[in-house]
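Next come two complexes built around chain A: one with chain B, the other with chain C.
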Partner chain A sequence: MSGALGLALPTLRALGLVAAITVLAFLCIGAVPGDVVDVLALQGDLTADQQAALREEMGVGRPLHERFLAWLGPALRGEFGQSLRFGLPVSELMWNALPTTLKLAGLSFGIGLLLAFVVAVGAIARPRSALPALVQAVNIWSVAVPTFCVGIAAILVFSIWLGWLPVIGNLWVPALILAIDRAGELVKPLYDELKEQQGAPHVRAARAKGLSAWRIGVVHVLPGAVPVLLALSSVGLAGLLGGSLTMEVLFGLPGIGSLTLNAVHGRDWPLLQAVVVLLATGVVLINALADLLHRLVDPRPRR
Partner chain B sequence: MSASLAAPPPRWPLGSLAAAGLVGLVLLLAVFGRWLTPFDPLAQDLLSINQEPDAVHWLGTDHLGRDVLARLAAGARLTLLTGVGGALIAFGLGAGLGLVALALGDPLRSLVLGFFDLLRALPGILVAILLVAALSPGPGAVMLALGLTFAPMVAEVVRGSFARETAADYVAAARVFGLSRLAVTWRHILPNIAGTLLTMAAIILPRCIVTESVLSFLGLGGAPDIPSWGRMIADAAEFAEEAPHAVAVPVLALSLFTLSLSLVGARIRSLADPLQRAGGAR
Partner chain C sequence: MMIPDLSRRGLLLGGAALAAPRGALAQPAAPRSGTLKISTLGLDTADPHRHTGSIAVQQAYVEGLTSIAADGSVEPFLAEAFETTHGGRVITLRLREGVRFHDGSAMTSAEVLANFERYRTRIRGGMLAEPMRQAEAVEAPDARTIVVRLKDPYAPFLHLCSEFWVVSPNSPGWDATITRPIGTGPFTFGTWVPNARFHAPAFEQYWQPGKPQLAAVEFDLRESGDPSLALRAGDLHIASVGRDRLTTLSRDPNIRIGKLKDIQWFFVAFNNRNPRAPFDDIRVRRAVAHALDKPGFMRFVAGTDGIVTNQMVIPGNANFDRALHEADPYARPDMDRARALLREAGVDPARIRVEMISWQNSYAQVAAQMVSRLGFQVNHVPLDDIGAQRRAGQYDWDLAVFSSGPRPDVFLRYVRLMSNGPNPVLWGGIQDAELDAMIRAAVAEPDQARRAALYNTAYRRVLERHYFVVLGHSQNLIAQRAEVQGWDPGFTWSPHWASGGIAQVSLGSRARG
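So, the complex of A and B:
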């Protein structure tokens, strides 16, 4: 396959995915019973006339396809309209919330990757220690124990029983919880892959040449594990965005997750629509990037 | 058959046995829990709020004086039903629809797989949040949301196994004998990938239960008057200082239950896989 086509096809596919999700999200949100005026009316005792006027002004009463077309033009220029609840431009709200989410996701991904790496490499280097058992334990922990339960347990123990620190608003506690969760998902496949690489012919040849264990490890074993790591990382980053949603709500962090939940409960559809498009684009971009890197480091054709 | 020299390891080690016991306990609680305490899970008793566990209220009361044990039992019922229902829908869509689409080939195949790709491009919890918001809230909406969230995972595994099995000689033989694509899939491929599907079920079910709890925790679960574990956690979290036990009980129950479920699943998986069975002489 020529290089240009190899690049163009995934790009087209990614664009198609984002477009399809945008439409699907619009349909979903359009089907939500009740609108923002219902929510405002509950809070502010609006009369029926006031409600009708408000609907007219906000344009929430118009048919779905009209709303979609009116939304699409500015959206393509990066303008997602006004939040119905906060009265601020949606893009401003998202820009303010994005750093928190990125910090949380980035921190937990970095720490998680490092943890997984240290434990997996350690378990390979010291097969008779407790480290291989730790690989299994961290893996089971991450699969089975929900992060939001760990989060609540952390709040209970540190903030209320021990009275150490105000955990609410703290970024590091949720980041660490998510990091351990992420490490658990990464460590087992990484360990399995490294183990397999150890028995590979080129590694045995290197050992026969009398190279040091370190040199074998860094130069001959690790590069073989990079494709697996890349594939896992892209899946992991998408999962991390999801995990950070609940953590933000739990720890009162003003990120995209808290914004999403506010938008759902307040029927603030311009905000919700924009968040969905933003997250979907993020995930698709991450996947496309990982895919590209995967092709670069692993030239073997894939199934 | 070669006899192994060392005694084979037990089929059910202590840890897995304890996990199986705990899963059984939760099942019993869900079924018979309503006869365990005389209290109604919804009945408020404002004279005895935030009580610590004692002889009357075995697990104490919450900020509205509701019996925590009664709510735990009612919650177990709802959480289990929704989780199992969600997992069933995920399998119906991912495995059922997925296999039919794979068997019949394009254009259905591309359509169905493309749909699953679409769902996969969003963080799972966001798909669930959108769907529950779009459908009116209730256990049915949550089940459907869980199903659609986890169906792509099932479909991905089914796609891989299907590709592997179709390359096998027995499939080609069955086709030569004149069986239709659907018949080959149903009679020959499905039995051969049943083990993989079982493994997948053991992975999906705990995740469905956790996601259900997260949704109810975020206030997007079933109707507000039915307690589920996630809802109990959300309710009690605001009063964690006055009644920490009311939070700790459902949090512990949920964590231990999903942990046990995963351990039991892993055990069943390795027992069902003859290659992994310790001391197996095949």
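So, the complex of A and C:
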């Protein structure tokens, strides 16, 4: 496959995926009972006439395909319209929320990756220490303990009993909780991969040549584990973009997760649609980047 | 020609003096300090005239012509006095002197008149759009007087003026949607991050001398999450909390629990717009009412604080009818009577599938269990707020379990029972021209005692027709930290009113237990 075609096909595939998710999201949002006027009617005392007038003013009563087409043109130019509920530009709401989510996702991913790497490599380097048991423990913790439980426990201990940290707006505690969760997902496969690489013929040959343990580890073992690490990382990072909702809610972080939840509650479809497109694009980009890096570090897929 | 009703005028002007804000008395200005952090309800729009439910935040930066005192009465606010004449058709409001908008300009009748006009001509949605259309003409004979001429006498007008928030016509977006309101409140419109937070710094030229005492107020607008944790940690000073948190919070020496003065009332509504057999039979409705264990339900909802009655208001309210309360045939459950009524109606409950809708609250399940004890097959469908709103409006159900919160005037409860009333779905969409006429008669009656009697006549009809069954009332809990001084929850969700609220609050030093 030529280089240009090799680049074009994944790009087209990614664009197709984003388009499919966009259409699917629109259909799903359209199927949800109720609209933003119901939200307003519920909160206030709107007569049937006032509700009808608002529906007309906001265009929420129009057929789904009409709404989609009216939304699509501006959306392709990056204009996502106004939030029906708050009357503010959707892009403003998203850009306000995005830094919080990126910070939380970035911090937890970075710390989680580092933790998983250190523990897995340490466990390989010192197989008779407690580190291999720690690999299992972190992995089981990640699978068995829900992050929101840890979050509530952390609030009780650090914020209420000890009074060290605030509850609202605290970024580090939720980042650490998510980091440990992420580390647990990464550490076991990474450890297993490193162990497998240790027994690989080229590593045995290096050992037979009398190379130092460090050189064998860094030059021959680690590169073999990078593809697995990349694949797991891309899944983990993509999950963090939209998956930190519980931490955002618990710690009062106004990120994309909270914004999505509120858009669903408020039947604010322009906001919800834009968030879905943003997240889908983010996930597709992360996966595309991971694919690209995978090709760079592992020549096999190119053959 | 105006014919003043002197007794009423005297009463109101006297009341005005009594209700004069405490800050109006000369006192040395203390330096403002501290940021009060509150979490109660959200903010859905920056435009105070378009709000449909933002009744707990806007009052920080905008004020009404009147406000609702903690006992539910109307008190003067931006209007320092008011009088009702011509049999309730003319309302004259005397504006307070020295009130400034946040841009430094003075508030005069011209600005207030512009606000009336904006409500009457440009606002289609919002709480006050319809009441403001009751005004046939609004005039400003001088810089401090507003005269409202109503089409018909409209008694709730002054109560509703508590949510008639005066905004400077210089506010950005005045011609469409206000994006940055310039109000007269003790705090200014600062930074709003929807569904996250709203920060409002103190207004240096606020008209009440020495107020506010705080440097700023910050509202936590998150709709999800448990504010009790942040309250205990000291991240919030005042928060609305659920009763399931009461035990934990009561144990914390740094936290005091108060209650909103008006109530949340709980009811089971029948589908009145499109009733299906056998619930179109009054005997079946009576049977359901007999099966509902009101004391048990209210114990579940509010523990020992629950108030069991058959009315939309509680004892102590001017509209409460004690005789009607004491004659409630459903005050205690009576399953034998309920079964006898079903037999009399020829209904075998085992063959009836009851469609019951509600929000996703645990109390609705309790009501569903009570109905199912009669032997009905109850298909209880708990829906999220909007799903329930939509489903209720389809009128394809039999029973609905809902609740409704504090209101500045009892009219806002009765209006939901009118054929063309706002959002009638929770009460089964009553269509009853005679009831409408009774409510209109009450609304048109300027005298409070006679009005209460007329409202109660209308309510008797509601009870006779069994449009819904009131289960009882509870008060919303408002928890506050010990360092908050000068705060006691008001009648409604409003955080600021003439005789209380955040303008009077200061923050003391923080203690830890």
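A few points about this structure:
Following the convention adopted for this analysis, the second predicted complex is superposed on the first by the 299 of 303 C-alpha atoms of A that agree within 3 Å, B and C clash if a C-alpha of one lies under 4 Å from a C-alpha of the other, contacts with A are read in each partner's own complex, and residues count from 1 in each chain.
Heads up, the rule we're going with is that a contact is a pair of C-beta atoms (placed from the backbone, for glycine too) under 8 Å apart; a residue touches a chain by one contact, two chains touch by 3 or more.
Please read all numbers here as calculations on a predicted model, not as lab measurements.
The superposed arrangement places chain B and chain C in clashing positions on chain A.
After overlaying the two complexes on the shared chain, residue contacts for A:Gly87 are found with chain C alone; chain B is out of touch. In the superposition on chain A, contact is made by A:Val145 with chain B only, not with chain C.
Once chain A of one complex is fitted onto chain A of the other, the partner contacts of A:Ala19 are absent, as it touches neither chain B nor chain C. Within the superposed three-chain model, A:Leu72 lies out of touch with both chain B and chain C [touch as defined at top].
Of the two partner chains placed by superposition, only chain B is touched by A:Cys28; chain C is not.
Legend: residue contacts after superposition of the two complexes on their common chain; A:Ile168 is shown touching chain C, with no touch to chain B.
Shared-chain residue A:Ile160: touches chain B and chain C both. In the superposed model, A:Asp38 makes contact with chain C only, not with chain B.
Within the superposed three-chain model, A:Ala280 lies in touch with chain B and out of touch with chain C [touch as defined at top].
Of 243-251, 261-269, 315-323 or 333-341, the segment of chain C whose C-alpha atoms clash with chain B in the superposed model is 243-251.
Residues 33, 152, 155-156, 160, 249, 261, 265 of chain A lie at the contact with chain B in one complex and at the contact with chain C in the other. Those residues of chain A whose C-beta lies close enough to touch chain B in the complex are 17-18, 20-21, 24-25, 28-29, 31-33, 140-141, 143-146, 148-150, 152-153, 155-156, 160-161, 238-239, 241-243, 245-246, 249, 260-261, 264-265, 272, 276, 279-280, 283-284, 287, 303. Only residues 44-47, 51-54, 124-127, 129-130, 177, 179, 193-197, 220, 222-225, 229-230, 232-236, 383-387, 389-391, 393, 412, 415-416, 420-423, 512 of chain C touch chain A when the two sit together in their complex.
Across the interface of their complex, chain A is touched by residues 117-118, 121-126, 129-131, 133-136, 163, 203, 206, 210, 213-214, 217-220, 233, 237, 240-241, 244, 247-248, 251, 254-255, 258-259, 261-263, 266 of chain B.
Note for the complex: chain A touches chain C at residues 33-35, 38-50, 53-54, 57, 83, 85-88, 93, 96, 152, 155-156, 159-160, 163, 166-168, 249-250, 252, 254, 258-259, 261-262, 265, 267.
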